[in-house]
Amino acid sequence: MLELRKVSKAFPGHVAVQDVSLTLQPGEFFSLVGPSGCGKTTTLRMVAGFETPTSGEILLKGELLNGRKPQERNVSTVFQNYALFPHLSVAENVAFGLRRRGVRDPRAQVAEALRTVRLEGKEQRLPAELSGGEKQRVALARSLVLKPDVLLLDEPLSALDPQLRRQVRAELKLLQRNAGITFLFITHDQEEALSLSDRVGVMNDGKLEQVAAPEEAYRRPASRFVAGFLGEVNWIGGTAVRPEATRISPTSCGQALPCRVVHTTFLGSVIRVNVECGECVGSTPSAELFPHQTGFATGQTAYLHWDRADELLLPS
Amino acid sequence: MSKLLGWYAAFLYAFLHVPLLILIAFSFNSSRFSVWEGASFTWYRAMLNDTQMAEAAWHSVIIAVFSSLLATAIGTAAAYGMWKHKAPLLQGSLYLTLVTPEIVMGISLLALFQWIFRWMPFRLGLGTVIIAHVAFSIAYVAIVITARLRTMDPALEEAALDLGASEWAAFRRVTLPLLAPAMGAAALLALVVSFDDYVITSMVAGVDSETLPMVIYAMARRGVNPVLNAVSSVTVVFFGALILLSERVRAQ
Amino acid sequence: MNLRRWFLLPARAMQVLFFAVPLGIVVVLSVLTRGDYGGAEQPWSSESYRRLFDPLYGLILWRSIWIAALATALCVLLGFPLALYISRAQKYRSLLLQLVILPFWTSFLIRTYAWLFLLRDTGLVNTALLKLGVIHQPLPLLYNDGAVLLGLVYGYLPFMVLPIYAALERMDPSLAEAAADLGAKPLSIVLRVIAPLASAGVLAGSLLVFIPCLGAYLTPDLMGGGRTVMVGNLVQNQFTTARDWPFGSAVSLALMAITALMLALFLRRAPAESP
């Protein structure tokens, strides 16, 4: 559906995007995830047409998008702050794109779009009268009503408070499934990316470090960065293991690593135990216990062990 | 010390406003001397009977309306054009317009018109005054509109483009409606600045295109005339009301 | 984008036709000779510029700079406490500001006339003082440098108050409180803590007052009665009565040069500020 071929964007002073290549399948929920400044937003803007790639091609359904203005592309963007037109009602906002296409009477389509995002009854409201979640739904409806080939979402959940975010996440996923539209979703929140996407692309400093399904990227990260970004990592000597795969016991067994307990933290569903050991210079790896298991005291000697299968294989 | 400051502020406000209030008060004085001799509308009646003043006032209105409309259109377009893409030459030149002394602007325009009139069959008149007023008002309008544009989210126009609008449609249907209040304020500013102008107008007006300020100036030069008090009062009250009204509208 | 260029076109055309070209004509005029019937003609001559250095005209120039500087200084002295007062006001702040801005919306000509009405020999002030027996002859309150100063300060005070207010408003009030905490007296706090921080505002206001005062025409004309001649009057005179356009042009350019110099100095001091 959407293909990026070695797309780069250089600004005077720094390279925002470097040789990014990826292909989105029709109907896929794809997330580009990475820390602030990694180039994900710039990439999105290039697909939307607000930035021109310095090199590389962007193709939609096989057709070259380079050089086409934003209004000439069948992609639609949901902006981070929604960019709802403040002087137009909800209905007029949603109808905006349809009117530009010459649709004389957009009411039916507008009504259907609002039904999809569950905002029936709010047609005559102004954006200023809506809550954050409602505004986001209007933005979605406004874009979806045009039946774009790809929907671009620029951190649409970051302006919502955490409570609302979880709920909207689920709704968004359902919406995408039902509509069957390809989503390109930008976020800096790895939990969001992992929970929503069919595939994720992890970006760092302009480069795309890995493209894979969430579980694949989490279990078999392609680089130290991806490993550390998608979750927590215990760096023990030359080995990397996830904390949830790390066991801790008071007695040694087999190949267990001796260590000393530094800290225990009660997190509700689990207890995290931080240790220090000879091999783990500069970090305090953690193991996780369930509350019903025997606790550890600070300063106590303990033994870490894990399944070799759970080790993350990373290039050096 | 704040008590001292308070008294000082009151004194300064009095200094700023009392002279005008006295002027207005004495416009109702039945005598032409600075001694109060009873209230009367004599001078207002005289003012209304003064055909020269009426004609000059009419000229001022026409000039103010036309020049403010033109200046608002051109200034808004300029501010919008400079919004996302730098135009340093234009911006610098507009600032220069603001710091150039009025008398210099006046004589330079006079020099231009006299030079043009060597080849083209025109004379100094309402047209030249309107052109002059538009020339110096554009900068004021640009400042007001630029200030408003700074608070406008650029994502709004991007969203419009994204949804399929052309650049012109994005401007016309999204930005322009949102600029409307600021344009109103700018037009009002241009209107007032034009109506009040004396220096530049006096240089480029023709014999039969006198404006109200020119008449007021001539009368003031000759000496104090209570009719002037009446004219002043009417002008002050009219524009004061206009400004207050626009502030009311803007506050909504 | 193409649309932007179209939007900029009218303003650019106006600026070229009715600002740049006229000034260019003035430059050309300044190096021509005065015509017999006014206007200007060949031959080329630098006579006008030489006359600029004639002590008579030099005096006018210096007097203009002096009066403008004095008016600016007075505006700072009078305006700063008012700005301070408004910035400290708890309620009615917007009303207080509007009362300062209001004169700006009133015709400058009319406001100047108000002072003529008050100060002339048969004006209100003199009539009142005569009636009260304080004086036996009317005081010559008008048609001197002092009257011109009064007119200028009266006219441009709001332009000083507003930038200073803006600077004070941005200032962190806890700084003054901290100083008071450490035992400083109120006046000392103003002079040592507040004033320096508001200096950017004072600078901006000074520019907004000095430049118009330098090129002032109406005030010295009406309140100075032709006795106080400033550069603006000189220019106007050369283009009307005296009909010496080349010389008038040279004086205009000299005025603009000084204005530009002042601006450059200001921008050097405060590069981030814009009025």
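Letters A, B and C mark the chains as written, and numbering starts fresh at 1 in each.
The rule is simple: contacts are C-beta pairs under 8 Å (C-beta built on N, C-alpha and C of every residue); 3 or more make two chains touch, one makes a residue touch a chain.
The structure displayed is predicted, hence computed values, not measured ones.
Ranked by separation of Cα centres from subunit A, the top chain is C. If you tally contacting C-beta pairs for each pair of chains, B-C comes out on top. Once the centre of each chain is set as its mean CA position, subunit A and subunit C turn out to be 59 Å apart.
Rounded to whole angstrom, the centroid-to-centroid distance between subunit A and subunit B, based on C-alpha atoms, equals 55 Å.
Centre-to-centre separation between subunit B and subunit C, using Cα means, comes to 18 Å.
Residues 48-50, 69-71, 75-77, 79-81, 83, 85-87, 96-97, 100-101, 142-143, 146 of subunit A touch subunit B in their complex. In the complex of the two chains, the subunit B residues touching subunit C come out as 1-2, 5-6, 8-9, 12-13, 15-17, 19-20, 22-23, 26, 33-35, 73-75, 77-78, 80-82, 84-85, 87, 90, 93-94, 96-97, 99-112, 114-115, 131-132, 134-135, 138, 142, 167-168, 171, 192, 195-196, 198-199, 203, 213, 216-217, 220-221, 223-224, 228-229, 232, 235-236, 239-240, 243, 247.
Against subunit B, the residues of subunit C that register as touching in their complex are 1-5, 7-8, 10-12, 14-15, 18-23, 25-26, 29, 39, 78, 81-82, 84-86, 88, 96, 98-100, 102-103, 105-118, 120, 122-124, 127, 131, 154, 157-158, 186-187, 211-212, 214-215, 217-218, 222, 232, 235-236, 239, 245, 248-249, 252, 255-256, 259, 263. Every residue of subunit B that touches subunit A in the complex is listed here, in rising order: 153, 155-156, 158-166, 169, 173-174, 177-178.
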